[in-house]
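Mind looking over this structure? Questions follow.
As written, the chains take the letters A, B, C and D, and residue 1 is the first residue of each chain.
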């Protein structure tokens, strides 16, 4: 039946002016990194419910991550977090990854779990702590070199809880000073992505509170510094696709941390609560991929897509597979927008026509397309079912409880 | 100088029609429980920064709490959390408290840190777990008897993370069923206060998501069940004072968990981020205390005031002192509203006049009044300074690091 | 091709355990009222952009509304607003509607555009204004009788802008007093639906601020009083489907005002900004329609579905057609959830399985089903295209500019 | 009694290290423009309640505004809105203002009430409309020259309601193109302030949605372009004082539109709902006024303070007086922070000490200071009382109803 579905779907899309072969080529380029830490135990401040079978070290995390890529065909790299993924020999880690068919992706420094960082890392009033934080950033550049990664992904937990607690402007300048020193140490091939977050763990202010602050810093640093958009780090109702389009226009969109949220930074399965938002974000990117301006196209093609999720209740590997599927699904739908139809309606200020051009693509069921795509590329046609029947989930139970966690 | 201040302030208030002696009497009745857990280590999901000198057991928590009461004169009871404050002999705990000049306040069951409660406690699909949860609630009633407490304070972490994860209506009915069994076990003198929360740890739904759900349950249970308002558990911009007035009118306002928040359930020092909101809440209560309807007055006089805060960065005891001071300050200001002036302006629909009646009370500096009140009642005139110079903070450092925590 | 689509879709759904004939029967029962005022000019406080061809009186509004029903087959009734739709002879209006193939639906009193209501209607401090407001409500019952409507749909703009401006509790009691008088005047067949709203036009408090306040009033009034859920009237991130399930469980869900919002009460085309939310709401209803409890089923079957939208930029009739299509689409998807599969996963606490049961239904493209349904019921297979090619839009341009507006 | 109050207050502040004479000098420099349109009738989309005595033309608006300055001594300029304040001869308007003791402040173009701007002004797809919008901006520069104003205050209502409706990036570039043409036409002494707004009237996106977008445009334009902060234009919970500090550090803080909001852009009396927020914003400015960096100081001293409020329910002139009083009050309190104490606590990472340094200033009752200040500067000691007893409010009733409105 699947073949008939695909044939019918293809005709349907041809009639709409969409060439599915071109869409498949675009799908091929969509690669979404999984986060090593997403395979470990996680929870809320109230409780971490430990799961059985959690990887006990970075090597096992890579093994689990490789399962996600094996079945989805779209997650060939794994982001690491230092010191959570600290190992004696990073070449071994790299080799291990390669043996599993994956590579090591973005390197994420951690500047929030050392007691010294209680009142800030690069923004601390104490110059010795600022120096320590910088040293860690430089160490991460070094690790990136060793694992052949060219992306440094920077999230700062720096912030405060009370009015008056700190001097906003001094911290702003200390932050920039530290980042400049880090920037100078980057190899030419490397990029540093600056993440922003509305709140948490700071409950009064966050030093990079919004895209504007991250963008301004990236501008001051230079072309190797870009902005990282975590889809869970905005105030309620923020139009994220607008920010994404804005950054693309400035050629400063470095990458994404995908996840889903309803309330705060909930870090749930991407697309689980508002799939249309994910679609609208990706549709801006698809549009930029076809932009007449080569600079915009170049930015769109160099986006680092990453998941950043915590699966507190559900099993980790299937949750990651599901997340990758969701991104693939929304991206495939975004590719079905007839951009010519959209542009024409926009130019005529035909509100309903323009909205229909967008929405009709979202309403499509892209299952036949994704199944065909996965079959052709050697991934599992139905990734989740394939994983469940692979026996991998049972095999790792022998790891027991008490694996890696934050 | 302080005396002159008080004299001047008194005249000023007399001129506004306010009798400070009456205000002092009202202040005397304002008693705000401190939470035993607020003296332990706490943090965010990212990191718990351990402090030195944290109490190592429930007895030491009471000792710290007694300091707060000693200096502020307004926090003579301490809420406990089971099993965090589980002891072999509750009579000993009670006696220890009494020896310190305090008593044990609300008993808080904990239904969120046992692995069994991962998918719900009273709302779990598994009847054995629902039974276990109920047994814990009944155990807490028993503990309340032993420590002579008449308040059971119920917060349920029950909720879900994903659409479809659970059946809202089944859970609603299981919850009510469990609460009914608990209600039937209450002594006549006991009250159970039902707390609600917009989100966290559930990131899709919370079984008691708002005051309406808690209120409806309390109505079905009977007169010993009431609603508990945690000031940090609402959607952004919620008019909490309106809810408070509404519950007073229904005689269903059981108590408060005070704290401050800017973003989510931040659990910071009450009044630290929006003092006017605390004032407006307390002003509704002051107004109810003077209501012609005795039922409304009775509710207003029986409110259980409690703090529920986490001092992640700041030292615990001074933070609690500060919190009590803030509540006293806002309550004292609320008592300065000339209710006759307010009513007259409201009746004339004089918007600016009515607002001025409220606001002019808030603008007063009530320091002279509070200092006089504390002096007269034997507390410390300047609680924070007195605590700092008492040497207690240094003394407890000998406890070292690694005290009690969630 | 459409036939092959339907055949394939039917097989696909059969394989999932879904019987499309049963879904079609359910679709037949889904009737969504359009609002007469939604065909008039509307705007923001900044500007009303007048459109050409706007109906000039209630009769023309019905004519436009009839177009929506003609093409969608699912909007056979039109809600009216008094005094906007005041006419000399309501029997004439009723007859006119019937001639157009529609009927008159909910009667909506207006208590916010008379100067007297500046400081409240039923909640005004002035008893004469409260009486005037009540008289208008009674007048609306009378109109409902004349037009054979049995639904009174009550939205109160009552609220305040400043702390202190009014006495919350007095207003609460005046409101209830007024509603009781209205309730007593209802015919046995009539229902009054009480709407709530988080804010606007009141910017400090709203007398019915949330579902809890409307629900409590409805409880006090009796079985003919129920709650009306406007999907745009909640705080950000509110889980509306939870509230809907809750009200169904209490048999107090009276009806809906559908619309879409991203920020405030934006009153845009339902489903345009978060289609998944609409699906999740309707899925709760579909579930209730199949509930073992006949009281829950009865409530689910008696819901009054209505649109309440303002098409400030887009043409009115196509916008309404689009809105009805969106509700149909999301309801059809909601009917595709395999409830047995969902229940089984929920009972096993299989989070990912339960979520998949919900989500896989949403991902379906229900176009073949809706087209088949519309063909079989005599509506237009493609409502929007049919409307555009009908020439009606051009015909009404002769009405010129300056038609009805708020 | 007032003298004794002042004397006591002065001693109290001296003891805290604060010199009240210096504070008075700072108060003298605080000048807050009133908006001409704030004296006209306004309302919500639901209803404009007309008041009696509303000014009928720009000349009468200036007369009313002059009353505010007369009594408060702090609002010597009046912002105008074109075309609402269009007159045949702007020199006459200027002369009229001068005769009243005030001057004309910021010139505000209006690009949202002409039918042509339905789908955007500078961002419209139609080049003729973009040109028309630019011409209006250039006209406003010309008017500014005529009335001797050097501030152009730019709020764009440009935005969209639906996904797909418009191309974000094209609009971004058209906007910048238009602003560049305007910038080139500015006199050297002129500044253009770019306002941003989270939403409304656009309900899907706003072209200047946040400070980051306004800031980036200002950066590209040059030193005469700066950012305008309207306190009601942010997502819930935004830390506005952080943004203010950030812009000061970048020397790009152009000015404020003060008002208060609880929910959306409610445009109520500044400080009426969260006075502490106003205080914290002004405290950042006071801190910048004392900054070692002359560039930061210069920015702090050149801020254009303006009200932008709509008094829908309350009388206009007293509401403006109240607003100016509130700003004065919060600014005076902000001046009472002992900056040395604050810095020391911040450097020691003494969270409670730093917070106390801020908060103790807020708790002060600055009435004696403000009364002394007003007496010394020739304003009314009690502005509101003085206005009420002046008879002006009664005098203007002869204007009747139906004055100026949006």
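Just so it is clear, contacts are C-beta pairs under 8 Å (C-beta built on N, C-alpha and C of every residue); 3 or more make two chains touch, one makes a residue touch a chain.
Here is each chain with its UniProt name: A, B, C, D = L-rhamnose isomerase.
Here the structure is a predicted model, which is why all the values come from computation and not from measurement.
J.: Counting one step per pair of touching chains, how few steps separate subunit A from subunit C?
T.: When the steps are counted carefully, the minimum from subunit A to subunit C is 1.
J.: Report which interface contains more C-beta contacts, comparing B-C against B-D.
T.: B-C
J.: Counting only Cα atoms for the centres, state how far subunit B is from subunit D in Å.
T.: The answer is 38 Å.
J.: Residues of subunit C touching 2+ other chains?
T.: Correct list: 118-119, 161-163, 165, 198-199, 204, 236-237, 239, 262-263, 269, 272-273, 276, 313-314, 351, 355-356, 359.
J.: Quick one: in the complex, what on subunit B touches subunit A?
T.: Per the touch definition, subunit B meets subunit A at residues 42-47, 49-50, 112-113, 115, 118-119, 157, 161-163, 165, 198-201, 203-204, 236, 261-264, 266, 268-269, 272-273, 312-314, 406.
J.: Once bound in the complex, which stretches of subunit A touch subunit D?
T.: 118-119, 125-126, 161-169, 172-173, 198-199, 204-205, 209-213, 215-216, 234-239, 241-242, 245-246, 248-250, 276, 280, 284, 287-288, 291, 296, 342-343, 345-347, 349, 351, 354-359
J.: Which positions of subunit B touch subunit D when the two form their complex?
T.: Per the stated touch rule, the residues are 1, 4-5, 8, 11-12, 236-237, 239, 262-263, 269, 272-277, 313-315, 318-319, 322, 329, 351-352, 355-356, 359, 362-365, 367, 384.
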